[in-house]
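Below: one structure in structure tokens.
Read from first to last, the chains carry the letters A, B, C, D, E and F; within each, the first residue is number 1.
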């Protein structure tokens, strides 16, 4: 199913909320894709997802028309090209630390002359009328993760690499690499300072700024500053959070405002 | 990992809340098993789950020590025996309409002399010291679904069949079969009357009464009447409910009390 | 993706050509679904396809909007209900030999009051606005295979069972059961006579007549007589036929008119 | 099943036609392997195939005795060694652009002293009596893809690397990298010139020349020039081509010479 | 790969030893198939194996040419026909208790006129030149398990059913159903008496007698009496037995005669 | 299930015997995990195991509490991080030839400040109370394979890299790279000399010395010299060794001392 691409949403200046899949399941991905997110990311870095499941999940997301991204396990052309061929609209690439890293990521994601992506859009071309190298390059999104001291240090050069559509900040790795405790709930001033510095770089270079979040308040905080790309919770976290609330209700014998209402499956 | 069995929980008179899996994923099942439910059911009737995934999910639930049940697709010895051999502590058997149906279910679930289950506890015996036919018969749970007009009509005979540990009411089918709209949220007096009649039968025969629910209020309603076995929401429903709340927050720009707090995955 | 249902196509009086999947692959099914068939059948009887692959294939067919049928391995409520819950628009049921067999098939495929299908449309309801028991009963197709001497003998009674939408003739089994060699290429007069008798029964009862074919000439032959539902070749047969033609070209050093033109994949 | 190896076929000077698998299915691969191709390639670069499916497909191809190749996703020792250990007779390595790339590919594919392949022929040794490092090095085929401007530029050096058995041209990437539209149907003079230049290099260095094709005419064209290794269509392309022809027949009401004859599966 | 069928081995009067697979893995099955057993059984009753894995395992066994049997989970036409279509040479059918049960099993396994097997030998026909209903009926083996009091009682009638090639005794179920402890190591006189009675019945009716064993001594004991079909240990039992011996050696610091010699894998 | 870690076993000075999995199966891994090994390695280098199966196997090993290692296919951060995230306690890294290689392996396996492992312990943290970067770094094991001439040459530098917990010698590759025949049964003086040199280096640097073995005698030989980490046979080798012994017994008509006693599965 063809719809508006993520690149088009960003070009319109829209803020976008993503779903985040770590459970290896085509059906799970379809469920996430039907919720109404602006995009859904199949996380093959920290999710429990390998290639075969990723491919099934991208197929499942096609049913729903939601733009699908893949976070690749590492900045390698094999990972990036296979994700895009299988139908992802873009890739989130971990640990982009240098301009060379950024060029490597873009190179794998874009066809010549912008890059060196090999021609073989086995599922990528299926719902894209007039699919061509040029058209594909225009709609394929590369989000570079800036999440290490090197990445911060080389921010300006990284953001100068043509073809970097977005930066996606991993707050946990950013903290850990700078000697802080990994967390999505940013409280340390230094942690916040790093995030803002990256945001400033993005604004300067006209690159979409994205960040991984843990709850609505965090999303709002960064959105107010100008971020445009957010993920709020993984499928597993949503499920566990809601299940835990339900169990608490049951154990304590009184309803929780945070527990889910309705939708009990079938019996 | 061995722990308290579901049969033991019921013998202690405890009310039990179950998790309900419809997503075919070993990792998803492990996540559900780690939430703290009293039992988790792998739903191979209406869940999108076949045998191979069911087996992986039962293995995953073993990691967590949570008693695992399987709702079989139908009252057949193949389905029941394979689920139990693979490590389920019990089965939920749909559409038990007659005493003969009940005998058929119990027959498949219990070894001689109680039934005709074939000997081959390939995973069932793994964490059960001194596993024997007798011991297995004592800890294996059969929950018969009473959910049709025939089932209600033959209630007394069904409940008289030795080896029926519990009744699990499917409110939707019960409604549909009696000419009402399928729902877990019981509002029609006739619907409620049917449920209470089944409950009364259970009490009379000393059989645990269970029912599929859609939210805490529903659980509480039935629990107050004496039900002991509840499922509140499937993995997919929990996930979708929480995701929907999160998206609403984002779209409306203000927090929802029902949205999950914390737990954003990793980045 | 929602589109015109198969039931609607038939109601309009259209002749319908189906694709036939025997290769267990979600991607293969998506490819078949994108070819332009009126419907695609996932053959879990003689195809090498079990439940888990069937579910993935139904998901894949959803991407394409092509109505999906499942040929179940046998006339059992477990097979029929699980196929429909997973998103099939209908079932092709093998070896319907008696009115009782037909009632059994319809009973599993239709919700009360028409049948006893259990409520749990986990994927079936996803793209059907206002999904209800009544709506589902109206769009769910049951095609009974008449393919044995008993089936022919009881034709009239079988076709009188409410809820039988179509008959799907298996010419091979029909031949084999009547002492002839199994074939889709009907040359024996007695074989033809049996097929025409079934067709006459369908016309009399207003039931759609379908038949499994092996090539265009066979389709045309039956279509001219009034059949409305045809499958012409399985995915594996199409692939092998085209590959064999290609290899002949290569070995003989000259083009075959029957070999495929264009479409060489990617390199 | 042991048979003549691809290396032996080439040593005899035979032209070889390959089947090309992009559908992730062991059964699909077995079907392709039974068609009579000289070799079958499991395409894990642009095919929708990951490791687990590749391994099943190599096992399936063993049933048929057809030499199996794997196109690896990228020139990495992990991809190459795992494909060979799982039973591939050789690898097709994308984007070999420099002599260093070629040495890297050969290094991963050959045991010492020719390379640094790690010893662990878990399936590779199964049907090879007297399997040894030396014997394996002799029968394992490395086909380097020359398909970029750099590759063309460094052709002579690449072909001088010992252990490069064949070149496999990817016409689409070759075109794209040189500023032309990607196609297997070579019409641009510059495109043809590049291909001929590569062929000349192969002849000079005694390396087998191979090329990806889209139809018989293309195969013949290159075969007449001295190419020895061809793939003509993928499993998916063969299936879709034949299905499309069948549908056209049905829609237009008259037979197509290009449609498959016979082989309708079973019913 | 085609070889001597199991039916032919029995017709020659040979005693046959089978491998027994309970681990769901195509590679595991191939390993078992390469050991030199006369047949290998894929146990889908008590093994942890569902349809999709069974199909992959039958494909894997084809590589080795070893006749493959499937123990079906239950005496149902779906299970039997799908196993045979996928390439099994025969089925072992649990709990055949009556002549009607036997006719049901044979009916599903044999084409008309002997039975009602549906025509669709998708893999069954692949390596059988001139495959036809008659030829298939001659080479397809049905082994009925006599393992219950009813089965013993109706022995003579069961063995009179045409098409029952063999009886396969399940000593554990036989013991359990007669009030004894389930075991393959037959020590109780009554247990032995039952087994001998079944053997006598087989001899009288010219049916091959088979029995499940736990060690060589047990095999020899029954072989001396005239049994012709034995399985000695499952893949999992072989693996665990050998691993346990290896661990004992290590813990005790001295070699065990029962521990495996050589074959340490690769490193 | 949490238990003693492998790091703790080594810190206590214990010799440790590992199980070695090459069969891709969660159930197979669970069986190996239940045998009593000190650790079990999922071999994704030479085993027939890809990511999806590896993840299922690590989950299965969690049931048993046995420390799980993964041999990665190659020294890449994608392979190492994904194995650890999925729950492995450590990695065995092939072909560590230089100090740079060792730093690369340690860098991927350890969080900052020791390395650059990305934060996302999706299963790694599940049974580790108080999981933190520091705690994880302390319990995660890196075993570098020294198995090439370069590795031997750079031994001292490699062992000086902080974070290398163990060396795991691959005798076959070590032999092959030095011009000898690959074998685990070390008879050539030069082969032995190399192994002893590596052992001496380990002792000097306080690094655990491990080696892949083929039988008890080999284990004892190296254990007497001071090695602490051994694998003796893979799941497939154990199974095949025991099966072969069983078949020999049957063919020769007399028991073998090396054949397994008892444990015949179920029937």
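Everything below uses one rule, namely that a contact is a pair of C-beta atoms (placed from the backbone, for glycine too) under 8 Å apart; a residue touches a chain by one contact, two chains touch by 3 or more.
Remember, it's a predicted structure, so these values are computed and weren't measured experimentally.
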item	value
Minimum number of chain-to-chain touching steps separating chain A from chain E	2
Chain located farthest away, centre of chain A as origin (C-alpha)	E
Identified repeat of the D-F interface (over half of residue pairs identical), from B-F, A-D or A-B	A-D
Inter-chain centre distance, chain C versus chain D - centres from mean C-alpha coordinates, in Å	36
Chain D and chain E, separation of their C-alpha mean positions in angstrom	41
Shared interface positions of chain A, touching two or more other chains	22, 24, 27, 34, 46, 48, 50-52, 55, 76, 119-120, 122-123, 147, 170, 172-173, 236, 265-267
Chains that touch, pairwise	A-B, A-C, A-D, A-F, B-C, B-E, B-F, C-D, C-E, D-E, D-F, E-F
Chain A-facing residues of chain F, complex	50-52, 55, 76-78, 81-82, 85-86, 111-113, 116, 118-120, 122-123, 132-133
Chain E residues touching chain B - in the complex, by the definition given at the top	22, 24, 45-48, 50-53, 73-74, 76, 79, 94-95, 147-148, 170, 172-173, 176-177, 179, 181-182, 236
Residues of chain A defined as touching chain C within the complex	1, 26-27, 30, 34, 55-56, 59-60, 62-63, 119-123, 126, 265-267
Complex interface listing, chain A residues touching chain B	15, 17, 19-20, 22-25, 27-28, 31-32, 34-37, 43, 46, 48, 145, 147, 168-173, 184-185, 212-220, 230-247, 249-250, 253, 255-267
